[in-house]
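All remarks here apply to the structure that follows.
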C-alpha cells in the first residue's frame, strides 16, 4: 500500500488533488481511497488530505501515520505544521516552490505550482488552483501514470487549462 | 460504470436512479454534499422530482410525510442535530406507515460542538419504527440506498428506512463506485393508503386505549416481516448486479475464537485488525452489523466477543454491546471508541482484542475511574 | 356566489356546543368542494373528528404534528403536482399551531411560494388543551396560564403574513359565513400561497354562553377589534361590514363585557386596545386609498 | 388496503355519537313566526337545520345560536325534560 | 399537611417549594394541569419565579438551558410529543451539564393520536444523559420532585433529571398528599460554570476528535457518581420527612420465586396481583424500577422474571426487558402491555405470571402471528 | 459617540479573510461592552471562535442549537433578572438561524416582550455549511442548492419583525460600522425586545474578491438594495446614506455585477428587484413623513 | 374496598365530585383515590369517573369493573351508556332526577341535583354545577359522613352556596 | 470549576492560530501617502491595524480591505514571498 499525505489550505484544492490522484489510480487499474481530515475551519486554515493506493481493496479508514509521500501545496503551512511527521525513512516529499529546498534535512522535490496556475490562468476567487497541476508532477514522480492523470483530470474538469497545468508541472518538476 | 465517488455523492447518485417524486432536505455538515448534489441534478434535469428546500429538518420530514401519503416516492438526508431535531417526525413517519428513505450521515451530538463521526445520533432513534442499516464503503452506500427503496415500499413492510454512513470517514471519502442500471429492481411506487379524494379517509385520528396498541403491534409485525424482504432484496441485488450483502458482514468468523462486532467503517478497519491478529496467531474475526433494525440474528455462539460502540447510553452502557448481550445473554468486552470522531486505527482494534476482559466495559482513551 | 348545500362534515363533530370554528369549517369545506386534502395540526379540529375507526369529516384529512402543518402541506402539494393531480391542499390550523409553534413551517412555506391555502382559525388560545394563552391571545384576556389576564399584545399574524407578500391574504370571521365562503373560493382560484385568518369565538374559552357565538363575532367586527379585508396581489379591499365599522364603530366595551375572559382586564388595557384599533383601521384605510 | 396497519378512520354519520343527547335546552321553531330567512340554518355550527328549517334533534347540541340569530324571534330554547 | 392532590398538582406543589428562579413550559395533555397550577401560583405570588410562556417545547428547554447557565434553578414539564419535540435540546441540556428538572407525563406518541399512558416517550430519551425516575403515587411524585432538584444540582452530578409519571393514571388521579417544609433539604442553587461576565468563557465551542469523547466520558462518570448521591438524597429524605424510597421499590421479593418488574403505576397494580397470586399459592413479588438512569442494580438472582413493558423498540423488543436481559444475562418473560393506555388490571398481571414462558415475548391483547 | 478602543475579539478568529460579519461583530461588541452575554446559534460565528480549549471571544458566549437562540436568550435574561444582575443578553445569529429555522423562537421571544437585543447578521445564505440557499437569499442569487439562481424573493425579515412592534428596530450594514455601533448603543438603552438586522457581505458566498467587502456593502446601501433606517417606539428615521440613495441611487447593476452569485440572474429578475427597491424606499419614505 | 362509578357529561363536574368524595373520605380517616377516564372529548360528551375508598392504601389503578355504587349526574347518559354495567348484585345506584325511577329493574335513589343547583344559583357557563350537591346526597347514603362532606367542600370551594346545595341534597334525596 | 466536565473554552490570543500565515498578499503602508484618516483600521474585519496604522502581520489575513478602503491609495498588497 502506498500512502500519501497532502498539506494545503482551505480553498487551494488539496481535497480535490487527493481525489484526482485516486481517480487516476483507478484508471491505472489500482484500488485507491482519498479522504480529507476536515476541521471546521473556513478557507485559509491548514488542511490535510490523504490518499492510499494499493493492488487490493483498501479497508483502512484511519488517518495515515507513516506516509510514503508528503505533498505540500502551500509552503507556509510548514511554519506551523510538522509536514515531515511520520514520513517513512525512504519516503518522499514534494513542495510547491519556485526554488529548490530541503525539508527536515531531506531534499524535497519542488515545482512552482502557483506560478503554473497563474500562468495558465487557473484562479478561483482570487486564489490559484493547484490541484490539477500537482497531479502532473506526481505522474512524473511515478505515483500514477501520466495517461491516467490526464484522464482523471478530464473526467473531473472540462476546462482544458487543467491539462495544460498538469503537463507543465510534469515537465517542470525537480525531482 | 466504474467511477469514483464520495459516500455522499454515491447516495445522491442512487437516489437519482430511484427517481423519487419529492425530495425535501435541509443542509448540515457533513451531509451537505448530498443535498447540493441533488440540487445540481434537479437543476440539470437529471432528476425530475420536486425538490423542496425546507426551512428545517422537522419540516423536511413533515414534507416527506405529506409527499409520501400523497402517493409518491420520497427521500431526505440529514445528520446529527438535524436528525435530533426531526425526532418527533421520525416517530410520525413510522407510525403513519410511510416508506420514506433517509440517509443519515452519522455525527456526534453536541455540545461541545463536534462534526465528526459517531453513531449516537441514529442509535437514539432505534426505537422509532425505522429500519436502520449501516454501511461501510462508497459502493455499499450506493447499493444499499437502492435496496432501501425496494424494502421500505414493499407491501409487507411499509416502514421508513434510514441508511447510516459515518460522517467524513465515509461521507467524504473518495472510493471507486460501480453504478448500475436499476431497471425494475425498484417496482413503481404504490401506497395502499395514499390519499384518494374520491374515497376520503381520516389519517392519524385519535385511537383509544382499546385500539392504539394494535397499530403498534402492526409496526412490529411489519418489522418482523421485513427480515425476509431484506433477504430477498439482497439476493435479487446479487442476481442482477453481482454484489452480495447480508444482514451482517462477516470476515473470517467461522473459525474465529474472538469476534469484533461493530457498525460502519469500523467494521472494515476491524478486518485489517483481524489480519494483523491472525498474523500473530490470534484467531480473530470481524462481524459488521449492517441491518440493526430489525435486529439481525448473529452467528456468535461459542465465540468471545469484543463489541465496539461508537455511541453511548449514559447511565447504562454501549448500545450495541448491550443489545447483543440482551439477545444472546452472553458476556462481551464492551469497548467505547470513536466517540466524536476519535481516531480508532486497526492497531487500536487489535489491542482491544488482545487486552479483552469479557464482562467489562472500556472507554478508549480516557483515564478510567477519574 | 351560490353556497352549495353539500355538507362535508357528517353530523356531527364532537366540538363544543356553539363552537364557531366548526361553523367556519362548514363553509370552508363547502367552498373547497371534494377535491381537496385538509391538513390539520394538533388543535381542536384534530380531536373533534371522532375516534378511530370513525371520522365525521367527509374529505381526506391528514392530521399532523403540531408544528408541521405547512411543511406537511408543502410536501403534499408537491406530491400531487408530481402526479399531475389538481387536488388542492388546505391547511386548517388553530392560532397556536400558526402563530406559535407552527410559525417556522408556515413562514417557510410562504417563502418558498408553496401553492396552497393556509387557514388559521383563531380562537385566541389553546382550546384543545383547555384554554392556555397563545401568542394570539389578546391583551388583558384571562386564560388558564394567564389567570390575571395576559400582559402582552396579540401577535399580529396578518402583518407577519403580509410581509411574505402572498398573492392572496384575507381576514374573515365565523359570524360572516358567506364572506368566508367567497374568500375561500377566491383564494383557491389563485396560484401560490394563500392565507385566510378567521376569527372564531369560542364559548368555553372566551367564557360566554354558547348562543352568543355569532353575536360576539359580529361585535368583534363592528367594534373594529377585527377588520374584514382582503389583499389580492397586494391590492387591499376592506369589506363592507368593516367599512361601516370604521365610519361608525360600536363601542369596544359591548364586545369586552360579554366575555368572562376580560373580567380582570384593566381599564388602561382597554383604552390601549381602543387606540390600537384606531391605528389599525387607519393604516388599512390609507392603504386601501392607495396612499401607502 | 390492509385494514389494520394504520389508524385510518372512515367518514360516517354519528362518528362522535348522538350529540343530541348533549342538550339541556332544545330549539323549538314557531312556524307561524318564521319568515324562512334561512339564518338559523346558516349559522348552526353543526349544520343540523335543514333548508326548510327542520332541526335534526338527533344531533342538535342545543347551543341556542339559531334562536339567538333568528330575526323573528321564532325559535325558543326549551328545557329538555329527559 | 395532609391534603388531596392529583399527580400533576403534587408536582407543581413540590416545584413551588423548591423555588426555581425560572420556569419555562408549554402545555400538552395530560401535563397541562402542571403549567396551569404553576401559572396560578405565580399569579398569586406563591412562587416568585420568572415564568416564561414559550411558544414550543423546543424553546421551553432552550429557555431552561439559558436560565440554568445564567445561574438559577429551573424547571419545566411536558409529555409525549412535547418531549419528542425537545429531543435535540434534551441532548443539549445534558451535554451542557445543566441540572434542569423536568416532569414528563408519560403518554403515547402518535400517530394514531393517543393521549394515554405509555413509557415510550421517555424511554426514547434514555440515552441522552438525563437521570430518569418513574413514580407511582401522588405522594411519590411530590417527594421525588423535591429529591430531583437536590440530586441534579449536586456537585458530583450536574445533570438534568426527568421525573416520569403515567398520563392520566397518575397525573389525573386524586390521592392523599402529605406536604412537608423542605427547609434546607435542597441547598441553594450553585453552578460552577454559571456565566460570569467578569471571567468570560466560551460555552459549547467546538471540541475536536481528540477531546470530545472526554466530555462524554465525564457525563458517564457523573452518572455513576449519581448513584450514591441518589442514595443519600433518599436516606436524608427518610430522616427528615419519614418516607422511605429506594432506587427500586420491592414488594415481597425476598422469598419470591417469580418477580414482576415494571415502571410507574403498573408496579403498584402488580402488588395487588402479587397478593392475588400468593393467595393462590404462587410465590410472586413485585419490583418496581424507580431510577432507570443511572440503571440500578437489581436483586433478582435465582428468580423467574416477568417484565412488563409499557413501551417498545420496534424491530427489537420491550425496552425494560432487554435492559434487564443485557445487565443480568438472564431469560425473562417479556410482556408488552399498557401501550397507548391499554387497560392492564391486576388480574391481567396475575395471568401474565401464571402463564409465563421465560425466553419469549408476549403482546397483551393482540392476535400473535397475524 | 466615541467608539472605544477596546476589542472584545482577541486576535484573531478563523473567519474567512475579508469576512464582513466579523467586522460587524467587532463593533457590536464594542458597543456592548463587557457586561453582556452573547447567544450564538449554529452559524459561522459559532465556528470561528476557535476550538476547545480556546476561544477568541472575550465576552461570555453561549453557543446554542440552531433553532434556539432567542428562546435560550429568553431564559438567560430571565435568570439574570431574577438574580438582579444588569447583564444584557444579545443574540448574534445568522440569517438562516433567524429567518428560517430560528423564526419560531425569535417571534415568540418578541411576542413575550423579552428584554434583549436580537441581531441578525445577514450574509444571505448558510455560510457555515458552504453557502446553501436560505430564506434570506435574494432572488436570482446562485447558491450551492440553487445553482441556477434562486427563484423566490428574499424573505422580508424587517417587516416580519416590524409586525411584532418592538420598541426598537434598525437595519445596519457592516460597511457602516459607526452607524452600527450607535444603533447597538441605542438599542441597549431601551427596555424590551430590540432588533438589528445587519447586511454582511460574504466573499466566498457572494463570490467576490475579499477586498471588496466594504465596497459592496456600501453599494448595497447606495443602490437601495439595503435601506439603513431605525424605528424607535414606532417612529421611523431613514439614515443619511439611505436618504441620499433615495434621492440619487447608484445603479443596481453596479452592485449585481461585482458578485459571482448573480451570474445566472436573469434580466427580468433584476428589473423586478429594481421595482421592489423603489416600492420599499417609497413605503419607508412615506412612513418617515408620517403619512402612514 | 368500596368502589364507585360516576357518570356525567364534560362540564358537569363529575370529576370534581369524585375528588370531593375522596377528600371527604380522607377526612373520615379513610384511604381513597379518585380518577377520571378521560376521552379527548369536548364539553358535552359522556364521561366516567371513579372513586375507591378503603381502610388501607389503595394500589389499584385500573378502572372499576364491579362498582358498589353508581352515580348518574346526567340521566340522558343512560340513553347511550349502560350505567348498570358490572354493578354488584347488592350495589346501589343514585340518579340526578326529579322523579323516582328504576334502572335496569333496580330502584334507584333519586335527587333533583339540577333543580338544587339552579335553586341555589350554582351555574357556570350556562350549565348547572352538580358536584357539591351530589356529595350531600351521598352523605345521606352513608358513603361518607356529612361532616367530612362539608369539610371537603369547604376545602375546595369558597362559595357558601356549595354547602347549601349539599345540605339540600342531603335532606331531599330519596334513598 | 471542575476543568474537565464541560467543553468550556477560555479567551486567549491566537485561539485560532496565527492567521497571518493565511496570507498570499500582505498590506504595505506608504507612510508618506497616509493621512491618518483611520479608515484602514476601522474597516479591518480582524482589527489587526492599530490606531497608529501598524499592521499586526502575525494575524493579518491579507484580505485587502484596508488597501481597498484607503482614500489615499496608501496601502499596497504585495505578494508574500514565503
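The chains carry the letters A, B, C, D, E, F, G and H, assigned in the order they are written, with residues numbered from 1 in each.
Methods note: contacts are C-beta pairs under 8 Å (C-beta built on N, C-alpha and C of every residue); 3 or more make two chains touch, one makes a residue touch a chain.
Quick caveat: nothing in here was measured; it's all calculated off a predicted structure.
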item: Count of contact steps on the shortest path from subunit D to subunit G; value: 1
item: Between F-H and B-F, the pair with more C-beta contacts; value: F-H
item: Centroid distance [mean C-alpha coordinates] between subunit F and subunit A, Å; value: 39
item: Inter-centroid spacing, subunit G versus subunit E (mean Cα positions, whole Å); value: 33
item: Whole-Å separation of chain centres (CA-atom averages), subunit C against subunit H; value: 55
item: Computed distance of Cα centres, subunit D from subunit C, in Å; value: 23
item: Touching two or more other chains - residue numbers and ranges from subunit D; value: 6-11, 16-17, 19, 22-23, 61
item: Two or more partner chains touched - positions in subunit C; value: 14-15, 17, 19, 46-53, 55, 57-58, 63, 65, 67, 100-101, 103-104, 107-108, 111-112, 135, 203, 209-210
item: For subunit A, residues contacting two or more additional chains; value: 39-41, 44-45, 126
item: Subunit A-touching residues of subunit B, taken from the complex the two chains share; value: 2-4, 29-30, 113, 115, 166, 168-170, 172-176, 265-266, 268-269, 271-272, 343-346
item: Residue ranges of subunit A touching subunit B (in the complex, touch as defined); value: 18-19, 22-23, 26, 31-38, 40, 58-63, 65, 155
item: Subunit E-facing residues of subunit B, complex; value: 58, 81, 84-85, 87-88, 91-92, 94-96, 108-116, 120, 123-124, 126-129, 131, 203-217, 219-221, 223-224, 226, 293-295, 311-317, 319, 322-323, 325-327, 329-331, 336, 339-343, 363-366, 370
item: Residues on subunit D engaged by subunit C in the complex (per definition of touch); value: 7-17, 19, 22-23, 42-48, 51, 56, 58-59, 61-65, 67-69, 77
item: Touching residues on subunit E, where the partner in the complex is subunit F; value: 21-22, 24, 49-50, 52-56, 58-60, 62-72, 74, 88-89, 92, 195-198, 200-208, 211
